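One structure is given below, encoded as structure tokens.
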Amino acid sequence: MISFSKGNTPKIVKPQEKNIENPDWIKCPSCRSIQYAKQLEENLSVCPKCNFYFKLSASKRIEILLDENTFEETDTDLSSFDILKFSDTKPYTQRLEEGIQKTNHLEAIITGLGNIENTRVAIGVMDFDFVGGSMGIVVGEKIVRLADKARLNHTPLILVSSSGGARMQEGIFSLMQMARTSAAIGKFQEQGGLYISILTNPTTGGVSASFAFLGDIIIAEPSSVIGFAGARIIEQTTKQKLPAGFQTAEFLLDHGQLDKIVERKNMRKLLTRLLQFYSKGKTKA
Amino acid sequence: MISFSKGNTPKIVKPQEKNIENPDWIKCPSCRSIQYAKQLEENLSVCPKCNFYFKLSASKRIEILLDENTFEETDTDLSSFDILKFSDTKPYTQRLEEGIQKTNHLEAIITGLGNIENTRVAIGVMDFDFVGGSMGIVVGEKIVRLADKARLNHTPLILVSSSGGARMQEGIFSLMQMARTSAAIGKFQEQGGLYISILTNPTTGGVSASFAFLGDIIIAEPSSVIGFAGARIIEQTTKQKLPAGFQTAEFLLDHGQLDKIVERKNMRKLLTRLLQFYSKGKTKA
Amino acid sequence: MKNYLPFEKPVSELEKKIEELEQESVSKQIDLSSSLEGLKQELSEEIKLIYSHLTSWETVLIARHPERPKLIDYIRYLIPDYVYFCGDRHYMDDNAIFSAIGTFQGKPIMVIGHNKGKDTKENILNNFGMANPEGYRKAIRLMRLAEKFNCPVVLMVDTQGAYPGIAAEEHGQSEAIAYNLREMFRIQVPILVIVTGEGGSGGALGIGIGDKILMLEYAIYSVISPESCSNILYRDTSRASQFAEKLHITSKDLMQFGLIDGILPEPLGGAHRDHKTMLETVKKEIQYFLDEQTPLNKKTRLDRRMEKFLKMASYETSLNLYQSSS
Amino acid sequence: MKNYLPFEKPVSELEKKIEELEQESVSKQIDLSSSLEGLKQELSEEIKLIYSHLTSWETVLIARHPERPKLIDYIRYLIPDYVYFCGDRHYMDDNAIFSAIGTFQGKPIMVIGHNKGKDTKENILNNFGMANPEGYRKAIRLMRLAEKFNCPVVLMVDTQGAYPGIAAEEHGQSEAIAYNLREMFRIQVPILVIVTGEGGSGGALGIGIGDKILMLEYAIYSVISPESCSNILYRDTSRASQFAEKLHITSKDLMQFGLIDGILPEPLGGAHRDHKTMLETVKKEIQYFLDEQTPLNKKTRLDRRMEKFLKMASYETSLNLYQSSS
């Protein structure tokens, strides 16, 4: 349980096991094959049968991308508060609690500094399991602060998105995070900083339409759903059938929106290469 | 007759009358109505019946756009030479001669300084009757020099295009004028200069794909054909039927390529307004 | 008035009565001026009463009122000698965004805004003011043109949101909005943002960054429309009016949150009842903004704009707000 | 060799003879080495003879040779650890332009070029290296990315021209090329342009502005293809070879005109006969270019780039050329 009273640092409770009945076996939602959980994890949560990408927790993503034991998390004390006293099918505070329990983190993004093949980077990774990876005040704030850290430390900035968009439950405060993160990233880029944006399934709405699409380089994981408006809303509004593969990474690549689609297992290698080009370019001959 | 020997200033011969049989009456190629020449000229060479835009000579265009007696032509001494000793259905030198006779000018562009409602501008106007308004070394040079004059005199720059593109007969020298004019205009714009590009029928090829599309503001006359590749070539290459109105000003406006389409009779008024906004914006409060 | 909102029923009845009485007075040639006087007084008080107790949902309806002044009304009033511009230079001219330069009290300004139509025909042509990526790209292109003219920019926000269409996604709606969010912090001339009607989500913000942000009294600004919010959470729109309240979307809410710099009061009964007064209020406010901006140099202006947005809705600011309110 | 050009007939015959002799030597187990030696000597001399008397039209055919090294060959050789990038961020990824960053002798370089395919399938996929506006927009976007990486750019030109298509016109082919022509003068990192095959008109120039312009020996660079020139003037392409001559499109012509900075000699019989040697020549030339550029600061570089193009093909320069040649 977590206490949301005026800015206290909340206490973290261990998340519950997700599959109470049979935690060792996981069914692939795409090909319906049954995978042994450990093996699936070793395969970076990509189905070995059909290549379906399971969502990855932020911690796992950091483990995969960064050199071992180099990650120093920052702004760990920032936790969300129910600024609008919002409640829908459940109170917002309950959604926050559930997010914390599910992810073992205080918010939908983990930020910090770490190394990729010995190159220091500022990195932020979103976790969809935390209120749909939505961006509220704390997510926005952590990105703003991270961009600032990257700027001051002259390190490249990497953000891994996985989000349904702005967090409705914080209303207009969420919307303004689009402006704030874009401002901070602009400031960082203007001073020569390299920002690599990695889009994973899904990256939509207010996250897609702000920092996620401001990358100097934009990379996506295969098959990720990426877009501004929801497919259902588009269908309702336009009364048209959506084209095949609409809003997938592959569709966006064809339409010029992405630099690359890269498999999860090759992401670290690609980042390593790009970071090395960047640091070699910056060093005087 | 004109002498093309090493850089001598050529002598100008009066152009022949165009309609030897019946110079007072002109047939509209669009609606086939017969127009009294004087009247047509008073109507700015726009058919009063069907609104067809006859091509306008550079001198006439300057007369229409500028305040009376304010035009000071520059670089009047630049005349083309047959650098490749080129000859096709006729020798290039003959084409030049014919151009001079037709237009009473030494090249396909007239450049100079003048006033529009008392605002000083640098202006260049192309004349299609001179070798199809094509851009060779001299046209390129005159634009480069004009952009430079505009830059040094801090006046806005206006170019009125009417051209089939680069001048084949000067080969690769013509192609390089695309780079040169674009460079000069970039230099002018970078220092805050306002460049208004006016596209008239036709503006295509190497002129379209260089200075003509670099305007801070791009205005076209109605129905003008504007495009990069020739319609015939596109049809032959793609084996597709061209859409209705393809490569007309109206088509380009729909496709976001133009700021405005303005009737010939309103062009001076529009320029006046834009120039006044510009100079008022530049003056300190 | 042609359109009455549901909660304006007493108003419509009174206005009907007044009209009848006026006709009677003319046709029967009798003096009913004292009765009329009384009714008009009553009407005015009724309106005052209703408009002093508006719910958020009622405000939404006013913000969307078809007779509310539209972008083109402001442009015609503010810069009657305007010249408008088209096109993103790449793909399309998006009518959902309209932009014009003109002389405002002796100096040029550029007005760019969402172009809601004044009737159905215009609305269809302008896609109800819901822009495609090309609209956002046109907008930023013209802000840069404003830089060249060294003229301030007034951004007028009035959209349900960016258009949720197939081509919009294909052409990078996300990229277009994101790009503007970043680049508007670099536009060197003063930018005044006025939310005149609906401030709908990213589609509003996409032309919503500036040195000063104002809202008309009955304008709204929201991360999501109340209907969509209800739809997402309950799969129907029946709770829209509740969410209008919960989302805190009125000018008063935003002012309290410190997210806007001011509220422009609307004439009695809303801007749709009296265009002239509304236009004049906006005009004065622009003049006031320009005077404020005059002494600032470019660097100061851009630094402040950046600071403003980095501070607004920040963790610290919001937490303080939260703590002081609970 | 799979493809012989018409004027290479003696070569093809000799090579066939050599092949037959070699097969005979193997199958009959006899020593024909002295005969072979003689034939090979003859072959070499034949090639030398042919390639020292090439007409302009023959050069055109070599420049278009299907087995000539293509962009991807250069990229694989120069920057084997390359990473490529896609998209204009607005509308499409245009395969006709390919672009990759990689390590060249310890430092990153960005190579951007027209992407002619190595076979029919690739050619169809890549539209024969004829770019749409999106290709030019991708190119300039990636030159700006190169600025961020502080890495030099090598532009490899090899196109018949910008694509004459319907969508190309709709999406602003003119604007895209014009924009690049202007913006390439502002790219702050060194730019080396190498015309490797066909330098076709505006489509070539659209990625053809740089600090140094080189041509491969048998590359061509022309304002219009000889066929189109003939077609426009005589309504058929029968005079193409004449116009190849008249248009002065060979590397030697351009060098004499002062429009390029150097010619990269091709291996005996053209680059298509010996990729390795050609690739190595290009590699050395890039190294040489990078060494030249190292001491320059950004301002000097950009000033010189601008001056270079303003002077080249200027009235004065061209008139002098004309006068000294007549």
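Should a chain be cited, it is by its letter among A, B, C and D, assigned in written order, with residues numbered from 1 in that chain.
Keep in mind that, in the parts below, contacts are C-beta pairs under 8 Å (C-beta built on N, C-alpha and C of every residue); 3 or more make two chains touch, one makes a residue touch a chain.
Keep in mind it's a predicted model, so treat the numbers as computed, not measured.
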| item | value |
| --- | --- |
| Chain connectivity with subunit D absent, coordinates unchanged | one piece |
| Comparison of A-D and B-D by number of C-beta pairs in contact, larger one | B-D |
| CA centroid of subunit A to CA centroid of subunit D, Å | 43 |
| Inter-chain centre distance, subunit A versus subunit B - centres from mean C-alpha coordinates, in Å | 54 |
| Gap in Å, rounded to a whole number, between the CA centres of subunit D and subunit C | 55 |
| Chain centre separation in whole Å, for subunit D relative to subunit B (CA means) | 33 |
| Touching two or more other chains - residue numbers and ranges from subunit D | 89-91, 170-172, 175 |
| Residues of subunit A engaged with two or more neighbouring chains | 255-257 |
| Graph class of chain-chain contacts, one of line, ring, star, complete, other | other |
| Chain-chain contacts as defined at top | A-C, A-D, B-C, B-D, C-D |
| Subunit B partner contacts - residues on subunit D that touch it in the complex | 162-166, 168-175, 177-179, 181-183, 185-186, 201-202, 205-206, 208-209, 221-224, 228-229, 232-234, 243, 246-249, 253-254, 257, 259, 306, 309-310, 312-315, 318-319, 321-323, 326 |
| Residues of subunit B that touch subunit D when the two form their complex | 6-7, 78, 81-84, 86-89, 137-138, 140-141, 144, 166-168, 170-180, 182-187, 189-190, 205-206, 208-214, 226-230, 233-234, 237-238, 240, 242-243, 246-247, 251, 255-257 |
| Interfacial residue positions of subunit D with respect to subunit C in the complex | 89-91, 133, 137, 170-172, 175 |
| Contacting residues of subunit B [partner subunit C, same complex] | 192, 194, 216-217, 253-260, 270, 273-274, 276-278, 280-282, 285 |
| Contact set on subunit C toward subunit B in their complex | 81, 83-94, 101-103, 106-108, 134, 138, 145, 148-151, 294 |
